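Every chain is named by a letter (A, B, C, D, E and F) in the order it is written, and numbering of its residues begins at 1.
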Amino acid sequence: MKTFLNEIKENEDVDAFFLIKEKTTGVTKTGNAYLKVKLGDRSGEMEGRIWTSVEALAESFKKDDFVHVRGKAISFQEHLQLNITHIKAVGENEILFSDFFPMTEKDVDEMFQTLIDISQQVQHQHLSQLLRLFWEDKPFLERFKMAPASKQLHHSYLGGLLEHTLSLASLVLKNISHYDGLNFDLLLTGSILHDLGKVDELSYDRSFDYSDEGRLLGHIILGIERVEGKIRQVPDFPKDLSIQLKHLLISHHGQYHWGSPKRPMTLEAVMLHYLDNMDAKLNGIQQFLKTQVPDGSKWSPYHPMFEQFFYMPNLWEQVKLPNPIDQNDEGSKE
Amino acid sequence: MKTFLNEIKENEDVDAFFLIKEKTTGVTKTGNAYLKVKLGDRSGEMEGRIWTSVEALAESFKKDDFVHVRGKAISFQEHLQLNITHIKAVGENEILFSDFFPMTEKDVDEMFQTLIDISQQVQHQHLSQLLRLFWEDKPFLERFKMAPASKQLHHSYLGGLLEHTLSLASLVLKNISHYDGLNFDLLLTGSILHDLGKVDELSYDRSFDYSDEGRLLGHIILGIERVEGKIRQVPDFPKDLSIQLKHLLISHHGQYHWGSPKRPMTLEAVMLHYLDNMDAKLNGIQQFLKTQVPDGSKWSPYHPMFEQFFYMPNLWEQVKLPNPIDQNDEGSKE
Amino acid sequence: MKTFLNEIKENEDVDAFFLIKEKTTGVTKTGNAYLKVKLGDRSGEMEGRIWTSVEALAESFKKDDFVHVRGKAISFQEHLQLNITHIKAVGENEILFSDFFPMTEKDVDEMFQTLIDISQQVQHQHLSQLLRLFWEDKPFLERFKMAPASKQLHHSYLGGLLEHTLSLASLVLKNISHYDGLNFDLLLTGSILHDLGKVDELSYDRSFDYSDEGRLLGHIILGIERVEGKIRQVPDFPKDLSIQLKHLLISHHGQYHWGSPKRPMTLEAVMLHYLDNMDAKLNGIQQFLKTQVPDGSKWSPYHPMFEQFFYMPNLWEQVKLPNPIDQNDEGSKE
Amino acid sequence: MKTFLNEIKENEDVDAFFLIKEKTTGVTKTGNAYLKVKLGDRSGEMEGRIWTSVEALAESFKKDDFVHVRGKAISFQEHLQLNITHIKAVGENEILFSDFFPMTEKDVDEMFQTLIDISQQVQHQHLSQLLRLFWEDKPFLERFKMAPASKQLHHSYLGGLLEHTLSLASLVLKNISHYDGLNFDLLLTGSILHDLGKVDELSYDRSFDYSDEGRLLGHIILGIERVEGKIRQVPDFPKDLSIQLKHLLISHHGQYHWGSPKRPMTLEAVMLHYLDNMDAKLNGIQQFLKTQVPDGSKWSPYHPMFEQFFYMPNLWEQVKLPNPIDQNDEGSKE
Amino acid sequence: MKTFLNEIKENEDVDAFFLIKEKTTGVTKTGNAYLKVKLGDRSGEMEGRIWTSVEALAESFKKDDFVHVRGKAISFQEHLQLNITHIKAVGENEILFSDFFPMTEKDVDEMFQTLIDISQQVQHQHLSQLLRLFWEDKPFLERFKMAPASKQLHHSYLGGLLEHTLSLASLVLKNISHYDGLNFDLLLTGSILHDLGKVDELSYDRSFDYSDEGRLLGHIILGIERVEGKIRQVPDFPKDLSIQLKHLLISHHGQYHWGSPKRPMTLEAVMLHYLDNMDAKLNGIQQFLKTQVPDGSKWSPYHPMFEQFFYMPNLWEQVKLPNPIDQNDEGSKE
Amino acid sequence: MKTFLNEIKENEDVDAFFLIKEKTTGVTKTGNAYLKVKLGDRSGEMEGRIWTSVEALAESFKKDDFVHVRGKAISFQEHLQLNITHIKAVGENEILFSDFFPMTEKDVDEMFQTLIDISQQVQHQHLSQLLRLFWEDKPFLERFKMAPASKQLHHSYLGGLLEHTLSLASLVLKNISHYDGLNFDLLLTGSILHDLGKVDELSYDRSFDYSDEGRLLGHIILGIERVEGKIRQVPDFPKDLSIQLKHLLISHHGQYHWGSPKRPMTLEAVMLHYLDNMDAKLNGIQQFLKTQVPDGSKWSPYHPMFEQFFYMPNLWEQVKLPNPIDQNDEGSKE
């Protein structure tokens, strides 16, 4: 089993796989070249130094490679640092993605199957066809299944977009019959497609960040383009329906200052907005509490984006904390 | 069956019950005294005049009385006006409240029974006891069952507070298991008690308005006082629990500028806020659409408090519009 | 020459063309049917009544028709009203559009030719091709030339969108060389296309209002779809360029709360935002001053959307006021 | 006299009392256990280390104890650190509270007596009785006399709540007769009780922070509960008066976004709000200037909560700066 | 004693002085010219008509004249109207200003003398000299004594600026010694001069409105210019003092969005801001309550600028209401 | 040629001119006095130490002197530090100002001449005379030519105010004829004078910061005073014109919360606001991109005042980056 960076102690010998996050060359005061690397895995980061066989080892890996490393942890200026004696790039098939990146604790394929099942409740011919076109789009699916739902606010881990989408669709199923007058097929389809622009907005193969088009256009515009692209492939897709479906996408943030160019104007859009918001907020808080609350404390630190503290008096009894190493958590809770 | 004010035509003879909303004395150009009244019922208002037997009739009723009226509708300056020949106060038992005030379309007793049943799912000894104390408080219940949930924004009809409370508690039942780590008993109790200060905030026996304490203190403070009063009667009510329960009440508006002195800081408070908001908004829009949308239009007029228009393309097919006269709609949809 | 509604005096005989804005049937106190119409033209509105030959005349026109009317103006409850003796629908070819709707004072075809000329300064192959596709799209051009730029804020008259677009493109030509580092072809193309979603956002054939898709999606989304549709027809349109061009469209309002899902992030987007804003504001103020300032006053009334007053000390000397009847002002000031 | 932490120089021998703010165990590179402590007093904090007799000394004190310490100050990584050779817990009676915590410069008992005197000007029977109940509540008084008025914004030192309350009551006395129509007894009582929820909102026995109920409910709700609790003990306390008094408490922040669930609606509430605000702001600025202005400067650093700089040209002549060691400043300035 | 417009009854003969607010010419249906005037006095406005001797009477007065009028009140379209038989302009010396415009209930000369007395407490040579220059400026004083303090928000009556200035200076006297470190002479001078730009901002000889320079520059800039003009006449006025004094003027609104180009940065500016704000708000509320509260009600109507309701439970007992006719209230309450 | 601080390498011998930003005395652990200085030039800052001949060298320079320094660069705690062996103050004539402070890349005298030329297009006698008075005011000109336009937001380098003023005047020339009804002379004069208060607001002889009057009054008030001072010297300057000109100055920020006490109310003020804003923003972004964008990146770091990122895909091809050492860039681009 992989040794994680946050488990390494001073003076320990290390033999494990890491990701190369930075790689630069330095010169010692005595004029010798050495290599400085920043190693990373799911548990954090650590500086590494290669003092010997520098030239040879320098050839054997590059930035963004997964590498096999051997070395010894020493303490330098109050931080641990790895003196590396062996380093070599390895293929993606030799490592477990979930060792290197935060990842949903649920089973991606199970979640996806559940989403497919839910989407089959859509009876309306054109909407049903539209969804099917997405489920048949392999390159899209590959990204859709792995994308995080945000850089850091909620569901910000691999598979997070799928997890959030499934969660929202399930919430729609639970709440829609509570009120009269909402269009089931329209709202369910909208919930499934509402965030799909995020497959283009974020890049997440080596770290989580926004893509150029993500920053310049944003997932609402990118989602509209993907949906419009598929709608054109559905013969006779009704224009009215298309307008209402797109309205769900562009209004789901609910407010102009949250980046929605329109506020929700239909009953479906209003419900979608509240459920989406609730799901994002509750997941965001739980993610924050799980990773940021000091042991034993009932209070979270200050959350910079929500601009407040959170309180969870029974955090240490009730919430099942994710085991950072051994999760064999099975599938969606749905 | 009662004749409603908005059904009266010019030159019609009228014989019906109304509420006296205003009563003043005038003098004709020829120096004779006459009575000016404003009549009201659920369908609207109309001016009335008493030209004969003024002194005698003036004795027979006062402002805020329900009255039996006979007279003839004439047109004066483009408005209908009732020339009254007979008028006499009648008791509340002679009229139907729902003829005079907007009222929930659901059965109040059925709704209340459902709420009791739901509240029995609360297992926690102190919370359960707290709820029981409210259910045994007759004067409270009398107001709780009839109060509107707001003056005009949502559920603004007799029985609206009960309807909204039941709706919110049902939503909590549907959504709570969707997430880990929420305290079922706490959140369910909070949802049932969240708006109970409204029984004191609003006056609604002759018209819907805020009471003095409603304007000066508001339903959040008034609710805290009612809850605190009952908590003192529960032996050994845990202080921590009391704080968390009250936090649910004071934070459920979600934002300072919506009058919450604290923002939601617990998972339960966050969920309560979103579901309460969703329920109020959806009911508010539907109420607005039902009463304000011009026949056949897909668009509502501008909603001054939500500051936008609403769109409901299938309003005239899908939504069962309430018959303002003959509603025999049966009970809660739960 | 057409008689305008605001020129009609009491007791005058009228013989002119108007637009039927409303048409309903009434019954006199003596039980006879009559027709109530609301007539309109560029100068305002007036009530009309048809008391005789009601059935026959009722057949001869309907709401939204242009009609030929003969009748006499009488005064009723302090307003003028037209007693109509003859009324008959006429074709659009029998009337002048500009007699009925506010219209740009400039020559539409000349403006359009100037815009074409400007657009030919774009050298970049793909952008140039993109523009050409729009200029070859007949149904688009028909709307683009006649659409107003807004319902009431600025350039809110037929031809206003074209006038504003031409004005903005001219401003770009004048200002772009003032700074280093701006991409001429990109910015000029962006200025020409920035508001084109308005051809779908507004309906303006009988009155100025938002279309359903205008309200639910807005001209930014609608514009993106039109641009994206054309970009797909340009072979090998570079993706980076497409992103930057769309960024110009979606960010030109400059702020989230003005409906832009992204704020300007490139030099081109920043300049476009300021020049567009300046042009809209200056035209909006001038339009307001021309139509709303009481004779001789230096101060405008309160402008409800800009939430202020405007001051124009030399309004009555300097500004050429449009003659509401005889304008033969020709062409663009460019 | 006590040696203060900010007076200690490198290589000095130290023999003094401190507060243990943190206490943890470390292991040296050679494998020996040692103790790390953080020492504190009114003047600041300093790291301490115990290298010898670790086990024995570890027993002799714990976190939050006051301790008697002997040791030598050495420099480590540019900071002073205390190498401790002797350490032992001492009782609270062996130290002076004001050596350890920032404390009002005024005499607490004198201030309290003045406040009692002022409160006796209240003539109204029920209000007077209400105040007396507070003055007879020993546990309340103990906290009321020592509580700070805020964590860091104004009067944030022991005795600060009393000092601010007295100051505000005095301001009311000075200003109330300036206007007609204000109820003297109501406003004076309100000023005395306005912040009393702070005795529960803040914890301040070892450091200044919010209590759980402080964060979840806040001093406005907590104050309402304390006042309501006492009002119930006053026979026949008029309901109207109770509502107006509570309105003073809940509206005194003046704005929703400052946490007031109601804005001031009575003349008394308006005056209370302005005077409270003025007192808090002026004290907050003076406290900031006294502690944060670099020697000789006329400008304060940026104040992060007020978001501005402050200017005090004659700071160094006029304001008597508190001597951090020898203050024998006596009593209230009233 | 003058007959006031709001006392006139139908069919009464009227013989009194009024102000001509509007004067236009009309033509009757029979083709004869008549005069339409709008009459005004302190109590309100009324339409008047001159049907006979039109030409002769038209010569005898013009808009903004005070006139002597004889006529009869008749009812037209539910409003009273004066049929005028005699009308003639009179000089300002024949009328009482306070019969025509709302005016302070206090004695202007007494108030001014009190302000002079207060200003003599300023010891600082240059400040004292500055104030004296204002007191010796006759044209300034004439305006300063009569100007209202605002168009409608507070002290909006003749003499209101003086009343507010005196009130604020008195408040400064009462509060300044409450805190250490404030410069008495600076703050007192600032309070006296803080609003003096209002003598130029408002025009109030025939109605209350903003002057052109009032709208375009505002009283803060106008005040700075007046103060700067006088400072130049004081030999060797210290520059530092001048900056601090002007800072008091420009920051006294306290916030940018209330039109202050700087927020208060000195202790004096902070106190001035709060006291000024309190005085304006309390006067504004009282003025609103006195004129706008329906008889017997404890609640005011909605105040459009403060955006709330006000509550004054004992309005009808406690507040001495100003007699709109017979005020012989003497001088300042100071 | 001058050696710049950011070019110095470890162990290098240095012989160059610097500015003394701080100068203090320290004592070594062995009890010897030494001097600590902070050296600065245009490229950055560096710590320096003088260990020998301390007393003698201490006499030879003081804070804010330009000095000639000889010494050796050593590394201390990961930063370079200069061990100084020789140091001596030099006169301002021995150094190049632009070596020490960021400076416009354009030729100041050329820019100024161009501005004079432009200002001669003003025909209006009084405005023209007003401008001439400024051009003849030597002390003003000295500051006007060297002042930066802001501390750090835009044109924040010596000569920046002149550069921005010239740029804005040029923009006015390019845009004014685009619209009817703007007063050329007024707007051009306003653009030239709009920011002149900045010569007093900022101090920039040794570093860029706000002066006392800059912080307390701001450049809008300071500019008004300078303009008013000159207007008084122009015989018969029309009052209306003076008001409108000052309105341009005080409203050019456009919004209250940007410190404008009035929003633009004239066409000239509206145009000035937009063009000024555009010029400041575009320059600010370019300045930020030039100095802050990491080599090769298309994205800027987060801009803290604009609160966003900026994108410049072709930054490294298109924009001529200023050579920090050898700029011989000639004159204005106008």
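Before moving on, here are some points about what is shown:
The rule is simple: contacts are C-beta pairs under 8 Å (C-beta built on N, C-alpha and C of every residue); 3 or more make two chains touch, one makes a residue touch a chain.
Everything numeric in this text was worked out from a predicted model, so none of it was measured.
Steps from chain A to chain F, minimised over paths through touching chains, total 1.
The chains in contact with chain C as well as with chain D are A, B, E, F.
Look at the CA centroids: the one farthest from the centroid of chain E belongs to A. Where chain B touches chain D, over half of the residue numbers in use are shared by the two copies, so each contributes mostly the same positions.
Chain centres here are Cα averages; for chain E and chain F they lie 46 Å apart.
Chain A and chain C have centres, each the mean of its CA atoms, that are 46 Å apart. Taken residue by residue, chain E touches two or more other chains at 212, 215-216, 240, 244, 265-266, 309, 311, whereas all remaining positions touch fewer. Interface note: chains touch in the pairs A-B, A-C, A-D, A-F, B-C, B-D, B-E, C-E, C-F, D-E, D-F, E-F.
Looking at the complex, you find that chain C touches chain B at residues 212, 215-216. Residues of chain C touching chain E in their complex: 298-299, 309, 311. Taken together, the chain A residues at the contact with chain C in this complex read 212-213, 215-218, 220-221, 224-225, 228, 240, 243-244, 246-247, 250, 256-262, 265-266. Those residues of chain E lying in contact with chain D across their complex are 167, 170-171, 174-175, 178-181, 183, 240, 244, 263, 265-267, 270-271, 274-275, 277-278, 281-282, 285-286, 308-315, 318-320, 333.
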